[in-house]
Amino acid sequence: MMITPDIQVALSLLIPLIGAVGMALCYAAPNLRETVTLVTAGALFVNTVTLLQVVLAGGAPEYSLISNLPGLEIAFKIEPLGMIFAMVASTLWIVNSVYSIGYMRGNREPKQTRFYICFAIAISAAMGIAFAENLLTLFIFYEVLSLSTYPLVTHKGNDAALKGGRIYLGILLGTSIGFFLPAIIWTWALTGTTDFTQGGILLGHAGPVVTGILLFLFMYGIGKAALMPIHRWLPSAMVAPTPVSALLHAVAVVKAGVFSVLKVVIYIFGLDILSGNFATEMLTWIAAFTLIAASTVALTKDNLKARLAYSTISQLAYIVLAASLVTPMAMAGGAMQIVMHAFGKITLFFVAGAIYTATKKTEISDMRGLGRQMPFTFIAFLIGSLSIIGIPPLGGSWAKFYIMLGAVEADQLFVLAVLLISSLLNIAYLMPIVIRGFFYPPLGKSDPEVSVGHERSMITRANIKEAPLLCVAPPLFTAFGCIVLFFFIDPIYQLLLPILMP
Amino acid sequence: MIEGLNPGLILILGALLVPFTSGFIRNIYVLALPIIGLYYTWSLGLGSFGHVEILGHTLILTKIDALARVFGTIFHIAAFAGLLYGLHVKDPQQHVATLIYAGAAIAAVFSGDLVSLFSYWELTAISSAFLIFASRNERAFNAGMRYLIIQVTSGVLLLAGIALYVAQSGNMDVAPMELGSAASWLFLIAFGIKTAFPLLHNWVQDAYPQATVSGTVILSAFTTKLAVYALARFFAGEDILLWIGAIMVIFPVFHATLENDLRRTVAYSMNSQQGFMVIGVGIGTELALNGVAAHATVSILYTCLLFMATGAVLYRAGTAKITDLGAVYKSMPLTAMFAVIGSLVIMAFPLTAAFASKSLILSAALDGKMVILWLAMLFGAVAVIDNVGLKIPLFGFFKPGEDMGLQEAPKHMLLAMGVLSVLAIGIGIFPSAFFQILPYPIEYHVYTASHVVTQLQLIIFAALVFVCCVKFNMYPKPQDTLTLDFDWFYRKPLKKFAINLGLLINAGYLGFLRMSQAVIGWFITKARETHGGQGLLSRTAASGVAVSIVMLLFGVTLLLVY
Amino acid sequence: MNALFSQAPILAIVIPLMGAPISALFRGAVLPWAIATMLSAASFWFSIDLLVHVNTVGPISYELGGWEPPWGIEYVVDPLSAFVMMVISGISTGVLLYARESILKEVSTDRLGMFFAAYLLALAGMMGITITGDAFNIFVFLEITSLSSYVLISMGERTDRRALFAAFQYLVMGTIGATFILIGVGLLYAMTGTLNIADIASKFDAIAHTTPVRAAVGFLIVGVAIKLAMFPFHIWLPNGYTYAPSIITAFFAGTATKVSVYLMIRFIYTMFGEDFSFGEIPLTSMLMTLGVIAFLSMSVVAIFQDNLKRLLAYSSVAQLGYMTVGIALASEMGLIASITHVFNHAIVKTGLFLTVGAIFYMVGSTYIKDLAGIGQRMPITSFAFVLGGLGLIGVPLTPGFVSKWYLVQAALERGDMVGYGLTIAMLISSLFAVIYVWRVVEVMYFRPAPEGAECKEAPLSMMIPCWIFVIAIFYFGIETSVNIGFAEAAASFLMGGAK
Amino acid sequence: MSENMKKTYWLDKAENKKKIFIGLIIAAILVALPDFLSLLGILYETHPYTKVEEIPAFYGIYAALGLLVVISVAGFIGRFLTVKEDYYD
């Protein structure tokens, strides 16, 4: 059988599932199981990269799975935005798998097989979301993703984990069924289709009021985008082991949310119908509020993962903000932010996990001086933080720049101020961790008295006690990725160009 | 070399190898980098290199013109001297930060497009902050965070300006702009923060004294001068700068007079000196811009020299407060000598570099018939004689009193100071050689009799009054105090406001959370009461009850149907 | 074969009816079961035949004993009745396939002959209700079904004595219902002089305004509503379902109430006619109110249940609310939704009760707290339950989604606030469904099993039918042409034919 | 070190300070002198760009006044703005 790009689309979903079966079969032999995980991740990556070639060449492979109701089918079609999301997910899955091995073994976590299987299913769902051709398909995989990550969130199995998991699932399912699904049905009732179409499908079918209500149904229905006040699930999900948090906050779940937001705005509404709508402007304000408020909350959190969770909420709001600006440049910025934040935040979570693995510390106030013990980890954290803040030469700065360009295009200059304040808040909650890590004595110890001008770095080879290599290499890799992405932004831009300038 | 490689990258990339070296090799290595960079800069010549197509725009990685080359050259020299001065430091983090910082400043100067400029602009902010944090104490940490936040504010404002500018003009070239559009104002504020415009200036005096001994030297050389360069690049001849500059010259001198901390005193007067350059940019004539370039160069020389000398005292004595110091010159005569040289230069004493450079700007002002500005600058010149030229040596080094029993500064520090002194005096003696590298061709005679006489009048009369004031106890007595400045507003009331606002929002949010929890809880309780266990709707009704319900509803149905 | 087929309508009824006494004669564990299964399968086979025939050729009228209607009893096979018959006999067959091991544990061996006899009688009764075109005949078959149901439910007394009470309550309520129907039919007979439904229908409009007819309508609707377990007449259902033997619960969940829904549609659309039902009397608002309360309130009740079977029973009441609303919407789309939901809910709920039966078989309890950690102990069964639960919630790719999709569409079709309100109510109810299913799933998978509890999977003979249902759930959720196709045919027949 | 302690420096002596003071006054007179001489056309000519520069010893006077202004203004604002060293801590 010839493997055509169309088949490869189906393979993208299938490969992780096959891998999951493989992992289930190898549950008794951890080494074999992990090999299966890595091979699967590698295969998926290769598959996605070949698809990328096709898309770059202007192709749009598609695959129709099921057509069960008139006008409703489960079908996949690749467009640039989805390609980017798929690339991010499949690339980071490899890294995350490597890291998971280090973390899960380093912490002797139970039920590792279930962990890897659910992980693979979640990735498969993410692929489904990325390549979905219509809203229904997107919705189905969106729900699969929620469900398949629940066992990951509650991995620890204690009461706190179950409670967190319940909030996680409750909000995600509640919003998706309560808002997202009605919005889909309504869209379908209005237009008779839910296909993602360049330029949107609602134009001419919905008046400004209906458009506004629909917009809000979508934005709050896609709970994974964590727009306030339905963001609570994200901090709740922090009870999960760190690789899960990394997956949730960088690769699959939240990115699926904001990706859906962009997709809905671009392909369902279309930029024309939204620009100038009062609801769109309100969304801008809500996103701006979320952006700042979440950063402010992050400042008050002492638990590292909680702080990162709120940081994620804030960073996701960038994308919703970009979407609400409804200009091509803002869309480009939003798409870039998906990629950049993925790399930046996964680095930070990897680091949080590496610190936990090496020292069992979770509170930031306990992490003083750890940079001396784990310099590589903290350098990765520094780079990740700077990318989140948006400092060049790190990828995050492009996203911000393009959102700013979008804001200028949309004539919403207050957004510039919002971004400025947010950058400062980002500094305030991220940088002290690095600085205190490097320049302060560890907790309970004090540095030898040195007179002014005789500063010493205190990083000596004897002092270094890093987490296992498999926990340290992935964050370094993703941190390096943040740098590389700054210089290789052009391919992403070129990929996006067709949807920006139709 | 790679085609189009920005000279600054030599230092930046070179910095990454520093942690893998140690001892003597590290010393040689870090000193070699600026030398290589300088050589490379000059070997490139003038022109633009490294055009890259990206995101539909053309980026020019390296663009060297005469103005940029002056700044690039002095930055390399300052980096070399600063590194030499800091050789004793056993903290590779500081070396790395220094090299990246210097490299970024150099690279920013040679950037041909706005994106590169912004990138390096931010890089200087981040890397330099580490020189403050490296002091490793709580005050330094806080000052560093404030510094970082202010610097990044500048960066983000610049980015916002670029976004606006690109949206309007569609290109990303570094080119002069007219003040008027929102973009240009954002540029101006971004540059203004780093130039330390009045009311945007506090980060200088806040952060520099908290940095490490060598860190302060490095810090003083780059950020503010890079900003002056940017101003000259974009806003040459912009009138508003004249007045900003004038205020800037006068504004900090009073604080400089009152300050107890030697390094903070230098920081204030450096701020005042920045005003000269801002005025020069505002005048915008060829002579003025030459003056800006020249004075920036000279300013780096003497500021570094003064920070080095005061730093050496701090290094040996552990303090740089006038009230804590005694007769330093007795045990550190060479350092004291360099401090005097630095003071002479800042006073623009004949035969020192500033004598040549300051007069360029003054002359440009007079050429433009800007008498008030000229008087303001003259006032600044007088003030600097007071608060650095005389105060630093007399109060810091030549106080009467017992020998403090200090050791002379280490050799590499003396060497670094020596290098700068030689340059400062060399330029003073042979100004025309120095004028060769200035951006515009120049025909200017520094040493006219009247110039020398008037300058000497200025200095000696000022000195006389100073001595009189000290003698008759009219001079504000140095006290172990702090003088409040504009930063009070954001360090006290604004901070309080922000904290209270945060608490308020937090309380509001908690209230919202509690309320929604209560509402949901109420629903759940009600539902449980009516629907749960033995609730009305889930109770197992007796058959009789069931039949009654049936009858009742049947009655209702009949009524409705009928 | 053709000769045989011409008698298919009667055969589909007679086979189980005649099989009942035969089955009663036998003793032992296997034979009665085998007979019942084979007969049920035969009935199923004829039903499919009928369904295909009706949809390709047209409705069949079969005159019992050669008397022409309206004097003789007529069996009418139209798209709706054929469809419901197919559902009933199919469910019955599937349940019987599963029954052998399960029933041994719940009913003593010496009663098995009686048990399967009663089972076949119930099946025959339900098939009869569906197929007959004679109003009095409906009552007769209804009584057959009811009486056998009481027996079947009371058989659960071996595990829980409360089954007797449940059966008694069902008896009281069921009898009232049946009596109401009888009175209604009697009144109509008095006014029209005929018992043939088609005949009544043709004369109905002329006498629609008379008091006795109005009373008849009231009796009939309330009577059917009781049998349908429409809120608030559902009181008999949770107990009945909870204490009956597992397979009976599964069987009734898939059939008994569905037949009542059929009757409701039949009375409203065929006998009274659409214009009268929704124009003359406020049936829409009555049924819709009760339906909405049913699916909202009963879903909430389900959330608070601690017995899994009871939880599913309340969920059934809620789901019947959807079907009622579908009828009440008085549109073709609503009718499609209602009819297709009859089918969809039948397979989903039967499948769920079968998996619950399997769990009960192994664990000996259906209390949710006793199911902790069952996901690890009985992974295959538990997974079947999860998939069935997804169907119950109405996740896309399951039939539940399809019927809800149509129902929402029907509601939106109204284009007024009631329609939007209905949509919102349905979505809220779906959320409740998520909660009550998830509660179980969480206990099953994420609570540690009690110490020392060791459990294996249920026997294959139970697992396979369970999974047949699960696969059917997804098959009909994805390949919707069967259920939707037949439902559409039935709906358009009713809407067009009743005029 | 101990050697340094005993050593007396030139600056330590009070009469030397006086010498410096007197030296300064002499220097001031010397540098002001050319301006006055130029009024008489002796020695050299000034090249005033501005009116104020025509005042004899303008730079000296301006410097003296300017310094006084700096010192008095600083002394004045110092009264309001001086706080303890650990004010912000």
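First chain written, first letter: the chains are A, B, C and D, and each begins at residue 1.
The rule is short, and it goes like this: contacts are C-beta pairs under 8 Å (C-beta built on N, C-alpha and C of every residue); 3 or more make two chains touch, one makes a residue touch a chain.
Only a predicted model underlies this, so the values are computations on that prediction, with no experimental measurement involved.
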Central subunit by CA centre of mass proxy: A
Between A-C and B-C, the pair joined by more C-beta contacts: B-C
Intercentroid distance (Cα basis), chain C paired with chain B, Å: 80
Cα-centroid distance, chain A relative to chain C, in whole angstrom: 46
Averaged-CA centre spacing for the pair chain D and chain A, given as whole angstrom: 66
Centroid distance [mean C-alpha coordinates] between chain D and chain B, Å: 31
Contacts with two or more other chains, residues of chain A listed in rising order: none
Interchain contacts (touch definition) - all pairs: A-B, A-C, B-C, B-D
Contact set on chain C toward chain B in their complex: 168-169, 172-173, 176, 180, 211, 214-215, 217-219, 221-222, 226, 232-233, 235-236, 238-239, 281-282, 286, 297-298, 300-301, 303-305, 314
Residues of chain B touching chain D in the complex: 138-139, 253-255, 257-258, 260, 327, 329-331, 366, 371, 374-375, 378-379, 382-383, 385-387, 398, 400, 402-403, 405, 448-450, 453-467, 469, 471, 474-476, 479-485, 491
Partner chain A, residues of chain B touching it in the complex: 53-56, 88-94, 115, 118-120, 122-123, 125-126, 133-136, 141, 144-145, 148-149, 152-153, 155-157, 159-160, 162-164, 166-167, 182, 212-214, 311, 314-315, 318, 502, 505-506, 509, 512
Residues on chain A engaged by chain C in the complex (per definition of touch): 66, 68-69, 72, 74, 136, 139-140, 143, 151, 154, 157, 162, 165-166, 169, 173-174, 177-178, 181-182, 185-186, 189
In the complex with chain B, residue positions of chain D that touch it: 1, 4-5, 7, 9, 11-12, 20-21, 24-25, 27-28, 31-32, 34-35, 44-47, 49-50, 52, 57-64, 66-71, 73-75, 77-78, 81-85, 87-89
